[in-house]
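Below, subunit A partners subunit B and then partners subunit C, in two separate complexes.
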Partner chain A sequence: MSKVKLTINGTQVSGREGMTILEVAQENGIDIPTLCYSPDLRPIGACRICVVEVEGSRLLVGSCHTPIAPEMVIQTHSPRVLEARKVILELLFGSHCGSCMLCNKANVCNLRSIAADLEVGLPRFQLRKRFHPIEDVSPYVQRDLTKCVLCWRCIRACQEIAKQSVYATGYRGFDSKVIVDCDVPLDKEVCRDCGICITYCPTGALTRPTKLGKEKPGKSLVITK
Partner chain B sequence: MDKSPEEIPFHNRDQQNVLVMLEEAQYEAGCVSEARIAEVAESLDVSQSEVYGVATFYSFLSVKPLGRNVIRVCKSLPCYLKNSRMIIESIAAELGIKPGETTPDMKFSFELTNCIGGCDKAPAMLINSDVHGDLTPEKIAQILKSYD
Partner chain C sequence: MPERRVILKNCGVIDPRRMETFLNNDGFKALTKALNEMTPDSVIETIKASGLRGRGGAGFPCGLKWELARKAPGDEKFVICNADEGEVGTFKDRYILENDPFSLIEGIAIAAYALGARQAYIYLRAEYHYLLELLTKAIAQTKEGGFLEHVDIQIREGAGAYVCGEESALMDSIEGKRGEVRYRPPFPPTQGLWEKPTVINNVETMMNIPQIVLNGADWFNQIGTDRSKGTKVFSVAGDVDRPGVYELEMGSQLKELVVDLAQAKKVKMLQIGGATGKIIPHTMMDTPLSFETILGAGAITVLDESRNIVDAVYHTMEFLAEESCGKCAPCREGTEALFGIMEKFNRGEGTERDIRHLEDLANAMMPSSLCGLGQAAPIPVVDSLQHFRSEYEDRIKQKQGGAAK
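Presenting the complex of A and B:
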């Protein structure tokens, strides 16, 4: 593995050939926000949150999938980059249901934590909100696709780690959706003892179903002396 | 990054045949039925959801049975700027159905599609394989009358 020298935010750093910009940045303690990226999964550069400025490149590039090259000069937090990230978040929120107050995963949500970091409040763009009825047929995974941001992490985790391919992308453009079989509610026996998609979901779209009736079985606890 | 293409089911060579097989189904039966999707998935060893994903991505494949004549109005930008919305509305008013629907007598299906390469005569639409360009709401009734 040959070493590659490059400059990130004015500092000389080095990485190994084949590494992505994001990996080198992380190794050097530079925090680039990511949403669709996971070190365990094939990078697809879908969400664009991780964009950075590369000198000589007309467009911002996705750092999670762009390999480093010798003498690259990269800015990870320039005004242009931060502005682009904010707009991307606002676009993601534009059609997102926005019901964080009612969402059980609100305080573990990657999307929301990135928004808080970048100081994005109410989005400027108000679009028709995506709506999909909640899917709670499966006893193993509950899907609320209204909260989905189409990062494809569930699809990739299911394919690459669980080796199952339960999910795929369906439809096109604004109608895009993570589907199961011929777009039927998820109810598969292979999901028993797995639920890896839940772990990888950055929002509240995938959760483990809770059966409220089963949470307190038996008699109530009474403490006596 | 470090995975070879063979390890990734999404890119496996067999899956390249999905589109050809779905086109065949569309040509033979006028739509891609769920049974056919299951067959394709089985024969190429990919999941049904992936095949269904391909079938719903392309506007010339349909997972629902279509009518005898299929109207496909372009929804891309050049036609939009030339007022394709008015065309869509007047077809909807003429047939009494919305985009994505089929008339109860199965005479017409009304679909929207991405660019059909008729930008020079925008707004444009396809009926079956005939291109109709430079559309105005007034022309719609006459054009639809010539199909049965």
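Presenting the complex of A and C:
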């Protein structure tokens, strides 16, 4: 593997060929917020929160999927980047249900932690809320899609790690939704005891069903970033 | 400059159902020349020297794209012809497909020869289903004539999504998946359809290929402007007396097309390049049409003085919010937010703050979205705010709503 020299935020760093901008930044202690990215899953570049500024590029590029090139000059926290990230987060919050006070995952929520880092408060934009009834048919996964931020991590975790493809993308535009079969509540024989989607869900959309008299499940969860 | 028919020269002259009529009009001469007298590399050299740029809107040099795909490692390569003409107000490709399918097949066959591709696809828009039979017959006739021995051309139909005109979503759709855009790099010439090197060209680009091969790069180079060679086919619609398809040399002025040919009167604004195209006021009608200035895919919608800009933008945003694929956050949520704000203006509840929010959204969406749809969706808003801000402000002052839907 040959070394590639590049500049991030004015500092000379080096990475190996084939690495993404995000990986090099993380190796060098530069924190780029991510939502749809996970090191265990294939990147899809959907949330656009990890965008960075690359000199010579008209657009901001997604750092989780863009490979490094020699002599790249990258800004990870320029005003233009921060503003774009803020607007995207505010948009996500604009359509989010906002019931954090009652959410089991509130303290381990990726969305909230990114928002806190970027000092995003009440969103500027008012959007329709996505309200979906809670799906608690399955004894293994409870889905509250009102809290879903459409990062597509559950779909990829189910496909790539559990090799099951229980979930898929349905509808389009703002009405996009993670669906099972032809949009029926999750109640599949193949989906048992795995819970990998719950592990990868950045918000409280996917949880283990609570049973009365039992311990709340929030603690046992491991959230990977 | 008057109309100049280079690409459309066969339209209305030949019978699209009979190959003989095409053969009588120099049909397949370019393909025969390429196959017998030229190497694949010299075909690519000719296209490169001609300076042909993609007609789908982005204007990427066609020869360069082909060269990248030819040099990309791998035995299996694909050629795709993008006939998913989804842009609002475009119908030029339909006109070409209806009247001259053979030239298109010839172009695709030359592209496949130059690339070494054995499989080519025509991605046909769902709404053009009625053309399926015509195209299938044309391909069958060409095959019978012995012109398609080096490549198999198949037609794939879309399912009615606007975003599938975007090349990466188009490839997803051909692969049988939900039409979603992919991030780039890797670009299609290196990793496209089924992760194999793929060249995707618009119908109109493909139509240029036989002409260039037959007449040479120098001939093509003489037409057009410095950086935009050749002619361009435009579809003009809206408030004009003679809407239709016109072919003009690159660099012709907008008013020649809209006023002289399409006979528009009392023009207020024009939208160039469909729903996500630039909006320009009537005062800029002497702008030349070329890649350097404005062009897009060649759709021109004319609105006259009876129209209100805020209404027009409102309807455009409604369309874009519906057609966003929903994969990336800025486009999925952003188009909805833009539409929400335009809806407020339509109800007569718009405020100064909303204008500021429109601008904030546009500044964030344009650089950060994953594909051209999200990147270009705020353009109508930005342009209308730049040229017709007073109409927004009037609405705020008078608390006046828009025309009923």
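In the analysis below, the second predicted complex is superposed on the first by the 212 of 225 C-alpha atoms of A that agree within 3 Å, B and C clash if a C-alpha of one lies under 4 Å from a C-alpha of the other, contacts with A are read in each partner's own complex, and residues count from 1 in each chain.
In the analysis below, contacts are C-beta pairs under 8 Å (C-beta built on N, C-alpha and C of every residue); 3 or more make two chains touch, one makes a residue touch a chain.
Here the structure is a predicted model, which means the values were calculated and not measured.
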Subunit B versus subunit C as contact partner of A:60, first or second or both or neither: second
Which of subunit B and subunit C A:188 touches, first, second, both or neither: neither
First, second, both or neither for A:49, with subunit B first and subunit C second: second
First (subunit B), second (subunit C), both or neither touched by A:91: second
Partner chain(s) touched by A:132 [first = subunit B, second = subunit C, both, neither]: neither
When both partners are placed on the shared chain, which of subunit B and subunit C touches more of subunit A: C
Touched partner set for A:150, first subunit B, second subunit C, both or neither: second
Touching partner for A:171 - first (subunit B), second (subunit C), both, neither: both
Subunit B versus subunit C as contact partner of A:179, first or second or both or neither: first
Overlap of the subunit B and subunit C footprints on subunit A, listed as residue numbers: 43, 65, 67, 168-169, 171-172
Partner subunit B, residues of subunit A touching it in the complex: 18, 20, 42-43, 65, 67, 159-160, 164-172, 179-183
Complex contacts: residues of subunit B adjacent to subunit A: 1-3, 7-10, 34, 37, 46-50, 52-53, 56-57, 59, 63
Subunit A to subunit C touching residues, read off their complex: 35, 43-49, 51, 58-60, 62, 65-67, 80, 83-84, 86-88, 91-92, 94-95, 124-128, 149-150, 152, 168-169, 171-176
Residues of subunit C defined as touching subunit A within the complex: 161, 163, 178, 180, 183, 185, 321-330, 332-337, 340-341, 357, 360-361, 363-365, 367-370, 375
